[in-house]
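In what comes next, subunit A is part of two complexes: it sits with subunit B in the first one and with subunit C in the second one.
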Partner chain A sequence: MVIIITFFPVLDSPPGNQDVWLALLLSIPMHLLLSVPIYLLWKRFPNQSFIEYSQTILGQAGKLVGLLYVLYFLHDVSMFLYRWSAFLTTAIMPETPVLFILIFLLPFCAYAVLKGIEVITRFAELFAPFIFAGIIIIFLLLAKDMDLKVFSPFLEKSFFSILLGALVTALRTSEILIFAMLLPYVTIKKAKEVRSMFLSTYSILAFFWIICVIVVLSTLGLDLPKVLQFSYFDAVRLISIGGFIERIESIHLSMWLISGYLRVALYFFVIVIGLSQVFGLKNYKPLVISILTILIPISLAIQTNITDLNQFLNYHIEPWYNLFFIFIIPVTLLSIAMIRKQGDIKP
Partner chain B sequence: MNRLITRSGQKKSSQPTGNISPSYNNSAALSKDINENLATIKKIFINTDDLIIREFKIGRELQVNAFAVMLVGLINEASVNEHLIRPLMSLHLDINKEPTLKVVKESALFVASIKETLKLDDTVRGILSGDTALFIDETDRALIASFRGWPARSIVEPKTESVVRGPREGFVESLSTNTALLRRKIKNPQLKFEKMTVGNQTRTDISIAYINNIADSKTVQEVKDRVSRIDTDSILESGYIEEFIEDAPYSLFPTVGNSEKPDIIAAKLLEGRIAVLTDGTPFVLTVPYLFIEAFQDSEDYYARPYFSTFVRWLRWLAFLISVFLPALYVAITTFHQELLPTSLLISIASSHEGIPFPTIVEAVLMQIAFEILREAGLRLPKAVGQAVSIVGALVIGEAAVSAGLVGSPMVVVMALTGISSFVVPTLTDVTTVTRFILLLLAGFSGLYGVILGFAGIITHQLSLRSYGQPYLSPLAPLNVSDLKDVIIRAPWWAMNTRPNSLSKNSRRQKKSLIPHPPREENDT
Partner chain C sequence: MKKVLTTIACILLLTMLPGCWNRRELNTLSIVQAVGIDRTDTGQISVSLQILKPNAIKSSTSEKDVGSKSVWVVTSEGETVFDALRNSSMQTDRKAYFPHNTVYVLSEELAREGIGDELDLLGRDPEFRKLPYVFITKGKAEDIIRSSHEQEKIPGQAIQKMAEISFATSKIPKINFLELLKNLASKTNDSIIPGITLVPDKSEESMKNFVKLEGTAILKKDKMIGWFKGEETRGVLWILGNVKSGILVVPTPNDENKKSGIEVIKANSRIVAERVDGNLEITVNVHADGNLGEHMGHEDLVNPEDFKELEELMASAIEEEIRSAVDKAQEWEVDIFKFGTEVHRQLPKEWPELEKNWREEFPKIKVNIVVDTTLHWAGLMKKSIQPPTKEGGENQ
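On to the complex of A and B.
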């Protein structure tokens, strides 16, 4: 959710024009397709998280896979923190060193992780309405600046490029794997409800993403967002109603800080849980401090320069890298499980 | 201090725990010889000048030796004379018929509450509670008759919780009066009071109140377990008990509520909560206690719903102001000046000219000054109060600004914050500490720090539970039907269910009780 509001790399990917919203709409089925292996694996191993069942399926080699995923999540968090601190240091607090930003944020996240997944999810539950309301309010406040004609040539490029765009968008959300890790904690056990949970998550995601895209494209035009680093933020800066409601980017900032905090806490939790599952530890709490100390240097080491970041996030690299983890490995695991007939096989 | 004067009986413990050794054997029995009993009592209460031992003879003709023991000040002397001494002295007994004790207990003593006991321990405890112990010759049992009466504070409106509309009764220090006040509100045999004693030295009576078919029995049992676990010297106020039974002892936020008014406690009991009444204090504890309860006041329910809803929103706003305003002011004026409209920025900047301190230091100093004023104001004798408040206002407000020590926007911010912190009285201490923390975070790292601090506080609150209830329900595990009493104050005809999380018996009233003109079949 948070990525959307910051960088908007999607605007560079095919089809790269005003039909982006179509691509986003189509990302819902793409998302669902990508989650199929995870869902089927969950059905087989309902009480085990992703790392746990990779150990069940592959035995000792599963630990390697688990470790790989922990590293993947670590990398993901570090990339996210890079984007985050880039935003903060560029747009809001230019004089603050990045180290300080990270050192300040991470103990709060560590505290949330220590308190457990329940607290993190309740936090999300509490703030989700506010964040959604915030996005809608920004949408409404920019309504007068929007020029909807930018969307007019409809289906200008080929449908295939839209599909590709949908796939790329769907691949950006590594949250699918978070699902995989957290499904055993979810209390719903019926398959149908889990399916509807997946569906509703992706639909809400796509809905708000579309709103953001509409906001950005209609206020800033088609070409500018591709070049601007923080398109949504600039769009928010444009809000000016009656000479009074201006400069509300602070509201956007607070929404965004809270979502960032939440996301980092969630990933942090998943990392810690994953690590404890790889090593067979009963309680994950001692690991928190250690992961905290690792995260900061890793995030700093990754931060080379903004061009690198942009290139990575560009549709050429990141989605395919994600594809490997989100789809290829789970499919492999699933096929091995099917061949070996492991897990609960219920119709 | 009132309490110490009216309740002069400090009870000695006879528990094996604690390093208090009673001056008698715990399980000693009484003897049949009256002189031996007399000697034992005198030895226990040696050097206690408020003890009365009245020796007399029962029965006109029979003249059986007896003596009564009581503590002066705890008894209703006239009643003792009239209903214990007099009937016994003028008793006509036929000895061949029945043993003396039985006759005395069943036919001679004109008293409502009486007990028979074999043990010395019970007798001593009874005497210390204000009862009168009667020892009769040739009997190894003592009779404990209740003639209690001591001067107590009358039932007046509590100073801390006064209302415009609503009952003005408040609890007093005597446990029996408090239970009576609650009984008058809830005339239901399902309202149970379970008595327990805590405190090794003080042996304070406490009473756990709940409504049987509404409160959750597991929670009741949990409360009883926690109270019986308390093993301490003294319980002088319910605050002591609160700290022993609360769920989150390290947390800033209270997870046990309290109140001084019977109607508030009765309402909470009817919602499914459990009350703990303590002898010696008018403050009654309620568990479980949720964060939103701080924003619910009894007067909300007596006034009209639209106004009450508005006042509720005002309370939330005031709370947010008192916690965030100083921090936000410091953060924005120090780090993010671009967020202010230009004209406001200019006036704030101009008033900040010539002030020697940075904004954060100004804010902290003003905050400390305000807290000193507030604390002093609580303990001022009334005569001096007026003068000091004028001095405070003039000095802090006017003179400091004109001397160039603080800026006037800072004074405005502090005044607003201070006044807002009293709108939600239960959370005043919480807001003070939180305000300081956020202020320091703001001065250190601006808006970033404030928002992260806010996230941290919410995370902490979310992890709290009060007797099994998540602290922020119904907001956090979102329970929309319970929100009718949180965000708004739904009119009484719409409040069909009790707060769901607290009780399984949730239907409170019939649906659709909204007043409406008579509905007729035919249109006439």
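On to the complex of A and C.
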């Protein structure tokens, strides 16, 4: 399955000091740790999505949990659109109204959602190599401007702060929950392959994330990225080889657009199926248009300004907000299921 | 019915295709090649833009009117840099467009009061790139922007190329905007910016002035505090490992009145920070490779002993340059050598304490200089062109 590919580097300012890459590497085990409850829940209910088994476990109260998650996804995707349009309007197209960007984006996502999960994954399968290749090409083109000395001294701060960094990084990926929603669509029923899928997903994610961090830190230094709003974009703009390979930020932009489209489509899909499962509808398709009409105004309404966005994305708020949904609720569900001995209990 | 709907949808989609919300065609843009920033007597910001005239460039290829200027300089004033830049659109019929800008010139007057505030816009606005070179001029930046150049049609590009070949002497640093931003963002580093000045044209028929790179402005944080001469600048560049080439003038062995020139072909540096008896000591290890490029005097230099002596002379010349730079920097309390970063890397445990008052610590550092040189080749001649004479060489 190609769910792996829905991940892409969220190009936000990297935190901390020169050991960030280590934190990213450690985010692989952190991700795995965070996925444990989801994985165990899936083993108990292999044919149900997160919202379905929360109803099996909690009964009517499960509907409430399901609704909460639908709202969470809705919020998450509008936050993503917020970030997306913040980037586009400040860096690329300052005079284009956000509404137009969304109008050009969302109906196409809705179309993909109508056609089902297979279309989305096939699309991902087709374009992920381009996205990965783009990141690697940018890395190679910037290689001559890099100063790898910035990564010393090694382990300057305590190991604990790096672990914390890894945890925060892992908590930024709300896609862990997308897994919980999509695992019933996985045709492979063998637990082993699901496990390796988790691992490879997180490794690929961490790998590309580290590449981006190396690019940013080794070209811009340690102090400047803390000041810059879109440091990866700034790093990409530095590419200048032989006076003619220049200004290739459009490559970066197209990568960003495609991966953003994928992510929005996937979240859209999850919202729609989640909602249909909460209300016990057999078919999710009638919901697509109505969610579309809700999504555009919501993502416009939450957009106020850049300081607001920076506040939310900073590591004091967003990861802990995600922690609640990614870890605490699944753990609670899992423990209830264990106490009530529900689902397939295999050794 | 469905077909009609699809057709309508297709037509609607077509309307989306032609493009962008705010597209700008080439003939609505003023392509800016160089930007100069001054402060006027009344405290306003004055900005000079060197704008490309595409028509003039095209016509002058036909050798018809070489004399016609291919750029147009517009100067405008405002409360802030942004304000001043926008005010320029009241003089130009097209909106200024900056991504092709190659050079920023700041006036010394402005730099002495601090450039951090003025440079904010250039880092913030996405239309400005971070690769143009930065210069400081003793006079007005506007004069530099208004100057013309014989070789290149666009003076801005000429200045850019001058910066790019500055490695030939290594007496001028090559600082682009990103480099400057990195130093400004750092807590301990201070910046160097190459100087640019005007020299009058010697030929009699014109009153023109030409630009020339000269000296290096030293900045304490964002405030300029003084100038380094060419050799002192090279001293800084030796430490930073940025010397790529350059001519070292040393006295000719056995002939004190004559000089020889050594061409540096490769150089690198390594900085070691350590505690010696409780004091912070920094050892600068420089290794330079060179060729004997010029030999004045009658002596036959191409023998092992004299080559050895030349190597030593070369080393002491380098050491002298570095020493003069270090002494001056310590006197001015500016860490232009990135010693702070190096100490941070090598003594990470002590760094938090040192960082707090690095400016007081910096002048107290004992700097040891170890220079190691290797001479390789001596060009196309084996011996001096003049045969040794009785006066020139007794030992023959």
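Here is the rule we go by: the second predicted complex is superposed on the first by the 332 of 347 C-alpha atoms of A that agree within 3 Å, B and C clash if a C-alpha of one lies under 4 Å from a C-alpha of the other, contacts with A are read in each partner's own complex, and residues count from 1 in each chain.
Keep in mind that, in the parts below, a residue touches a chain if its C-beta (ideal position, glycine included) is under 8 Å from a C-beta of that chain, and two chains touch if they have at least 3 such contacts.
From a predicted model like this one, the values you see are computed outputs, not experimental measurements.
In the superposed pair of complexes, A:Val168 makes contact with neither subunit B nor subunit C. Of the two partner chains placed around the shared chain by superposition, subunit B and subunit C are both touched by A:Phe104. Applying the stated contact rule after C-alpha superposition, one finds that A:Leu266 touches neither subunit B nor subunit C.
In the overlay built on the shared chain, the residue A:Met93 is in contact with subunit B and with subunit C.
Judged by the touch definition given at the top, the superposed model places A:Val119 against subunit B, while subunit C stays out of reach. When the two structures are aligned on the shared chain, A:Ser254 is found in touch with subunit B, with no touch to subunit C. Of the two partner chains placed around the shared chain by superposition, subunit C is the only one that A:Leu238 touches, whereas subunit B remains out of contact. Overlaid on A, the two complexes show subunit B and subunit C touching the same residues of subunit A, namely 92-93, 96, 100, 104, 247. Those residues of subunit A that touch subunit B in the shared complex are 88, 92-93, 96, 100-101, 104-105, 108, 111-112, 115-116, 118-119, 122-123, 125-126, 244, 246-247, 249-250, 253-254, 257-258, 261.
Residues of subunit A that touch subunit C in their complex: 90-97, 100, 104, 149, 152-153, 156, 220-224, 226-227, 234, 237-238, 240, 247. Partner subunit A is touched in their complex by these residues of subunit B: 335-336, 338-341, 445-449, 451-452, 455-456, 458-460, 462-463, 470, 472, 475-478. Here subunit C touches subunit A in the complex through residues 16, 20-22, 99, 126, 129-131, 178, 181-182, 185-187, 344-346, 348, going by the rule given at the top.
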